[in-house]
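Labels run A, B, C, D and E following the written order; every chain starts at residue 1.
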Amino acid sequence: MTIPVLSIVLFLPLAGALLVSLVPKDYVKLMRLVALASSIVAFGASLWMLFLFNSADGGFQLVEKVEWISRYRASYHLGVDGISLWLVLLTTFLVPLCIAASWRVDKKVKALNVILLLMETSILGVFLSLDLLLFYIFWEGMLIPMYFLIGVWGYERRVYAALKFFLYTLFGSLLMLVGVAALYFLGGRTFDLAELSRSGLGPSAQLWLFGAFFASFAIKVPIFPFHTWLPDAHTEAPTAGSVLLAGVLLKMGGYGFLRLSIPLFPDATVKFAPWLAILGVIGIVYGGIVSIVQSDVKRLVAYSSVSHLGFVVLGIAALNTAATTGSVLQMVSHGLSTGLLFLLIGMLYQRAHTRKIADLSGVGGVMPVFGGMFLIAVLSSLGLPGLNGFVGEFLILNGTFPVMRALTIIATLGVVLAAIYLLWMYERVFTGPVKIPHAERKSVWRDVSPGELAVIVPVIAMMLWIGLYPKPFLDRIEPSVERVLSNLNRPVASR
Amino acid sequence: MIEGWVFMFSALIALVSALAMVVSKHAVHAALYLVATQIALAVLFLLQGAFFIAALQVIVYAGAIMVLFVFVIMLLGVDQKEALLEPLEFQRPLAIGLGLVLIAEALYLGTYDLARGLAARADVRPLAGEGNVESIARILFTRWAFPFEVTSVLLVVAVVGVMVLARRRA
Amino acid sequence: MMALQELRIPGVSFIAVAPEVILSAGGLVLLVTGSFLKGRATVLFMSLLTLTGAAVAAVLSAGRDFTAFSGAVVLDDFAVFVKLILLAVAAISILVSGQLLDDERAPAPEFLGLVMFATAGMMLMASASDLMLLFLALETFSLALYVLVAFRRGRADSQEGALKYFLMGSFSSAFFLYGIALVYGATGTTRLEGIRAYAREIPVLGQGLLAAGLALLLVGLAFKVAAVPFHMWTPDAYQGAPSPVAGFMAAGSKAAGFAALIRVLFSVFPSLVWDWRPVIVILSVISMVVGSVVAIVQTNVKRMLAYSAIAHSGFLLVGVASANSRGVSGALFYLGAYAVTVLGAFAVVYGVGRPGEPFVHIQNYRGLGKTRPFLAWTLVLFLASLAGIPPTAGFFAKFEVLSAAVSAGLTGLAVVAVVASAAAVFFYFRIIWLMFFEEPEGWAEGAEQPATALPLGLAVILTAVAVAFLGIVPGIVLDLASSSLPGLP
Amino acid sequence: MLLLIPAIPLAGAVFLLIFRAKVGRFAGAIASSAIGGSFFVSLIAWSELLNRPAESRAVGGRVFEWIAAGSFHADFTLRVDPLTAVMLLVVTGVGTLIHIYSIGYMASDERRGTFFGYLNLFAASMLVLVLAGNFLVLFLGWELVGLCSFLLISFWSHRPSAAAAGKKAFIVNRIGDFGFLIALFLIQKTFGTLDMVEVFARAGESPLTGSLATAIPLLLLLGCAGKSAQIPLYIWLPDAMEGPTPVSALIHAATMVTAGVYLVARAHVLFEQSLIAGGVVVGIGIATALLAAAIAISQDDIKRVLAYSTVSQLGYMFVAVGTGALSRSALPYVAGIFHLVTHAFFKALLFLGAGSVMHAVGDETDMKKMGGLRKALPVTSLTFIIGWLAISGVPPLSGFFSKESILAAAWEHGLPWIWVLGVIVAGMTAFYMSRQVFLTFFGESRVAADVHPHESPPVMTRVLQSLALLAAVGGLLNLTLHHGTLSKWLEPVFTSGVHIEATEAATPLGLPEVVVSAFIALVSLAAIALAYRLYLAPGAEKARTRLKGSLGYFVRLSQKKFFVDELYNSLFVWPGKVVARIAAFGIDAKIIDGAVNGAAKAVGAAALRMRMTQSGLVRRYAMAMLTGAALIVALFVVRVR
Amino acid sequence: MIPDTWYLVLSALLFTIGAVGVLIRRNVIVMFMCIELMLNAVNLSFVTFDRMLGGVDGQISVFFVLVVAAAEVVVGLAIIVGIFRRRASADADQMSMLKW
């Protein structure tokens, strides 16, 4: 009997959540410590998983399979490949940071930490499941914790945002549910992804099912015009929520395309790919344009996610190894850079109690280190070479270019737009004469504390690593992407 | 021949008193019209050889049940005139229209296949030479023994229910 | 001059109706001894004991398939499955009712007797193999429910709800009965077996009487399961009834009604599937839409749950409309899942609102997460299950009926179901939002909140565990449901 | 070893940025020694090249595998060839001097540590840029220098104008990078690699045809125009003067802005694929040179004059390398690079001199408030004058030689009109530089009363002196275009293209080279004389007024910089903002979200309406039931057959 | 001999009158009586079918219907009495406290 590493990774946060819930009411600090410790242990476990991972193998590894619902032929089936590997690591990496970033939250501490850990398990479940039903359950199971996270610990318009997020995503995933059911019958009454992908659906069935799954993924990514939940949700969510949303949740859509749409509906994917690419490009440009005039820092970063995730979609739609590998890396990169941006905005909000660009000016003068860190996050986000964002974006655009030239050129405009909206925001908030709320309270405006630094520095280190030496990442992603794409009989690439 | 006249007469009474019940302003009148309908129906039962049921109809229905109705009406003194005005918009025309639709459906079905007559294929027939009451009794206590027992539960429920509803507040 | 020996009652088999008999007998004993028994706990215990006995009898009677009492009663696993659901429903309702009886200072034996008789009637719905017996069973539990709805005698809402329920119930009974008469006229029998044999000979709806009869039977059963447009009593009755009774009605009445519906449609008129399916589809669609949409604007929690019950009837009808074994087993699973969920929800509603339930406005749920965390968190679970969000029982229930519809080619219906359930989420989650996202204020805080008593708490925990269990490892119950189909062609 | 060249300043940058608060006044020393070390290593690399035969003067290779996925592969490759070596020496050499100068210039700034950290980071980035053996690595450096430029321009970020200028620089550069990126995609697609050696080899073997041949160089050119401040993207450079003056000297005069020239030269094989490309380079170069010179003539800000001058001189360099591309011959490139080098010397000198002036007059930049500073600032004024003469093309200072070689190259390769325009630009350059010198150092003092000009500390003046020396004798590097040292050194780099023999006379009118040179020098001297007449000579005021009378329109246009910023604002910025507003508050909030919320509202409205059917009236309920019953019966009845 | 159909049509007519009566009468007791009329109409059908088919199940059904009707009446009137005690009105239209 081998050690079920993936189950350990998957359920450690859940166990942590149980532990936290057992902590007596008054030991608030202990709750935080237990939560942090269990998430760090989970990160450790995922590093162990990384250690056991064989980078040469593009297939699923560390597979676990236990029968679950025999009537459906659904099983508890976990496995990891190069695509999910990094997303799992991203998740386990970000959650401790989220918990640490919520250290100062005093509202319902226990519930907060329990919910964060529950979210972690369900997100990991999505990335690790090799069974469609299991996948779906984790996929949707994540909704409620997120709903709470936004709704309880969010900002002013949190209720609206939480509900909007919830209904939007639920609507998508319910359509997917119909698709899941149909797939089950058409695919030979099984939920096993491998078996389903071998079932060879007819072209029209593929189109319909692709549509059903597309609805869900498109909302989650989000793809224009299904994105309007995102700015509200991101803006109103608490820091940890925004980080998880931007860092991980949005990746589930792209992951869904890679894990489900391409292997299960190859013909439909090939057929839809140009449209997908168009939508991706619209998202890139549109998200960028809309970001420019946002008056709220968080909202701006939220819209920037629309733009950045557009690259992911474009890369997937290119259906060639380089671009799609870039997409996977871009997902990880975006998780880091936007995650960091949200962490920093959270710290800024703690001090300023505002996120309005107009209320702030010259913050960099008061808090130079903070300003520097923010600038790094901004630069990473706008795809400066040497930082993480560039690698993915370049691979995507470069890989897409031979396939869809005009679209790529338009998409490249997104790079310019990113510079415009991010730097303009940076200029207004961090430079200029110092104008900050509560300026009289010097203690509030202390530069980053060691604790905050402990949250920021690991992310920046990861950014530099990916930016300067992405080889370890790419080497593991590529075989899996190749395997996924090998399923397609590729008329696209030769077009 | 006489049968035909009896039918016509009883049917007419039944219909007219049914209509009268629906349109009478006083609840007591309505109850009396209902009794008349029920008695007319009892005659029709007799006409079809259902003696036991005809008797039950008169004794239980027209007798016991309707008495209960009248009793309650009197007890509560609710026998005020009901205003002729219909407060609900369209309620009456819609109701009558729906009634017509239902009748039309019934007539459609009637002309469609009742005219062809039914295949005589009842599950259970009375033994030859057996009287109506005997055959009903025999079949009721064999074939219908269990449903008959169930009615006891039903009645217990009714009794307990009334007890609950009528109990004094503790 | 009939000799007694001539009067041989054929086909007596008490095993076929053992649970019903045990319950009725238990109910009678309770009524008789009730006034002597000291303490409510004893009475509660006795009734639970009786239910346990009935459940044991039901379990022991599983695995058979025969008719008894000259074909008036059928015993198959379908019936056993529904009976077990109903017994569970009764048991949980009784646990919750203990609190109600305390609060109302009402006599326990009568109330519990009615619950047990009603349960017996409901169980008989699943087991009846004769339309007339079905009618009697229906009336038995209906009468009991009319009384239970009116249980809080002095209160206008209770009375009004009961009166409306009663009037509409009798009205629908008349239709149902007319349907029986027409079917009898067409087929010459009220026994389901006989009707089925007849219907099989006419593969198409060749006879007006049978057509109209089936239509009116559907009307009567649609009323019982609260399908639109026969649903209008539901909100009023649920609002008027004490929450434990409303829960009992929602879970039990629905299970019994659907058991009868499935029995009639599947084992009697399978050959007419193309004729009844459109009707079921239409009922299903409008029930889902109306239930989900109108629930959005409700401000009374019980009323909202009533509309949700209407919507859930629509979902269940999706399973019925699928007209395949998957749909039936899905509907069975759905009934079980819905039963535990809605019972739990109403138990919480009662726990929040008691005594006398003045606090049933959704604004009373403001900040409940802070003031009554236990009830609030369990309510989240129940609402999630009602919304069909994994990993709760409601998810698999929904998935079952959806996949049945898809497998039957009713993808459009499945999509409607999905859209409706997305809309439905809005109102479930509005309650969650009030409980957790808002600060307690107004009445909810001002009023001294009574502690949750043990039986109520037990009921909530049991249902919550069941909801979670069915949501994580539904396999066992799914397997049971799929092996508990009524005699299918 | 090559990695050391950027690594030393990078290490310096990291160290300085982390310990910026602790290093205190040692910051400058640390930074200077870092880049000095880099200079030292560069010298070693250079000597290594020297030791090789001319044909194989290239060292370097893969450092590590950078990005590889699917068919795409890019190594982190560093390479040194003669061209790179020149750039290395310029960057590290001039860089070191400017670093040292900064020690004095920034002595009183609290954030010295950060400043020197940025400077070192810039040096590292610039060195990566010039060392890059792979287009992607070059792009890395390309972007990083842009970043450092942004950081340093907005170094005094509490000044809104500084912050805005930094942002503008970065964004305009990004627009250029847009072209650069697409060029990279095209190169990758066409050649299957981004490794320069391979790309150039393949392009040399099988020349490109059709639009591709034009598209790649033109897109690269867009990048170059961004970085090197050419039309249409030059607008950021004048604003960039918001940065500390050493930054302007280092980044916006000597090194970074020449990256575009470097790239054209480096990728000359690609530019030679299409005559259109070469033509466009030349056209943009000369147009920029003219436009910037025309603006520089009327500017009053001491640094802005230099900034426009830089733009103009960069245009000159583009003319040179464009000519090379057009004619596919080596010497024009050499001329361009030569001018690049001399320009680095004298423009750095001029900027640093301007910095010294500002230092002296309390950060005043308006030349109208200077004048007569010669006495107070002897060293500064002397070195500035050397720089002035150098840039004005007065022999035998370096600028004369480099300009002359560009013009000669243009003429030789059949571009007489370019030659003419070039001469005009040379004259204009001489004129506005003279104007600057006269206004600043000569005449009467117009300095504010409370300001007491004083000479800068030795650490600054020494640097000025060193640069003045370089500016003076820089011409020695390449005394003649055909036989100069630099030509010899660089020629192998540019010989891969197909050569076209010069078809026309090698000099204008067939005159001897010396005569032509003398003519150019005379033009410059004449311009200086004109400036003297208008700004220094007695009666200058009157002469100016008279001139304004006849040329007023032009002067005003020039003063307003030909309204290019305003044009861009109304053409791109303003409509862009409008579009963004429409997208954000119209499409997003109203249409899409409106549809979503509208759907929700519609459901709500429907719910309210449906709810009303539940009237509470039991007879209505019965009505609904009866209707339902009638309908269901009807549904069955219609099916009766 | 009267055709069977006439009985059935009569039954249908009575049933419909009863149903329409429920809709148009406001006094709850009269409404309830209309429901009783509907049950009576069904009884007529049962008896008629019995005669047509030559069976007795229909009559037995009528017997059960009588029992049910009796039970319903008892419970129903108890409810009505309870409600009347409180409001002194049996007008169905006034009972609309629970709505929407």
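One rule holds for everything that comes next: a contact is a pair of C-beta atoms (placed from the backbone, for glycine too) under 8 Å apart; a residue touches a chain by one contact, two chains touch by 3 or more.
Keep in mind that this is a model prediction, so the values were computed, not measured.
With contact taken as defined at the outset, chain A and chain C are each touched by D. Within the contact network of the assembly, the step distance from chain A to chain E comes to 2. The greatest centre-to-centre distance from chain B, using averaged C-alpha positions, is reached by D. Centroid distances built from C-alpha atoms place D farthest away from chain E.
A comparison of C-alpha centroids places A closest to the centre of the full protein.
Chain B and chain C have centres, each the mean of its CA atoms, that are 30 Å apart.
Once the centre of each chain is set as its mean CA position, chain B and chain D turn out to be 101 Å apart.
Centre to centre, using the average C-alpha position, chain A and chain D are separated by 37 Å.
Spacing of chain C relative to chain E, judged by their CA centroids, is 26 angstrom. For chain D, residues that reach two or more other chains under the stated contact definition are 600, 611, 614, 616-620, 622-623, 626-627, 629, 633, 637, 640.
For chain C, the set of residues touching two or more other chains reads 132, 136, 139, 143, 146-147, 150, 153-154, 163-164, 167, 171, 185, 188-190, 207-208, 211-212, 235-236, 297-298, 426. Counting partners per residue, chain A has 167 as the residues that reach two or more other chains. Going by the touch rule set out above, the chain pairs that meet are A-C, A-D, B-C, B-D, B-E, C-D, C-E, D-E. Those residues of chain D whose C-beta lies close enough to touch chain A in the complex are 17, 64-72, 111, 114, 136, 139-140, 142-144, 147, 150, 154, 157-160, 162-164, 166-167, 170-171, 174-175, 177-178, 181-182, 184-186, 188-189, 576-577, 579-581, 583-585, 587-588, 592-593, 596, 600.
Listed in rising order, the residues of chain D touching chain C in the complex are 600, 603-604, 606-608, 610-611, 613-614, 616, 618, 620-622, 624-625, 627-629, 632-633, 635-637, 639-641. Residues 163-164, 167-168, 171-172, 175, 204-208, 211-212, 214-216, 218-219, 222-223, 228-230, 232-233, 235-236, 275-276, 278-279, 282, 290, 293-298, 423, 426 of chain C touch chain D in their complex. Contact residues on chain C toward chain B in their complex (touch as defined above): 2, 6-10, 12, 17, 24, 27-28, 31, 68-70, 72-73, 105-107, 110-111, 113-114, 117-118, 120-121, 124, 130, 132-133, 136-137, 139-140, 143-144, 146-147, 150-151, 153-154, 185-191, 194, 207-209, 211-212. For chain E in complex with chain D, the touching residues are 19, 22-24, 26, 28, 31, 92-93, 95-100.
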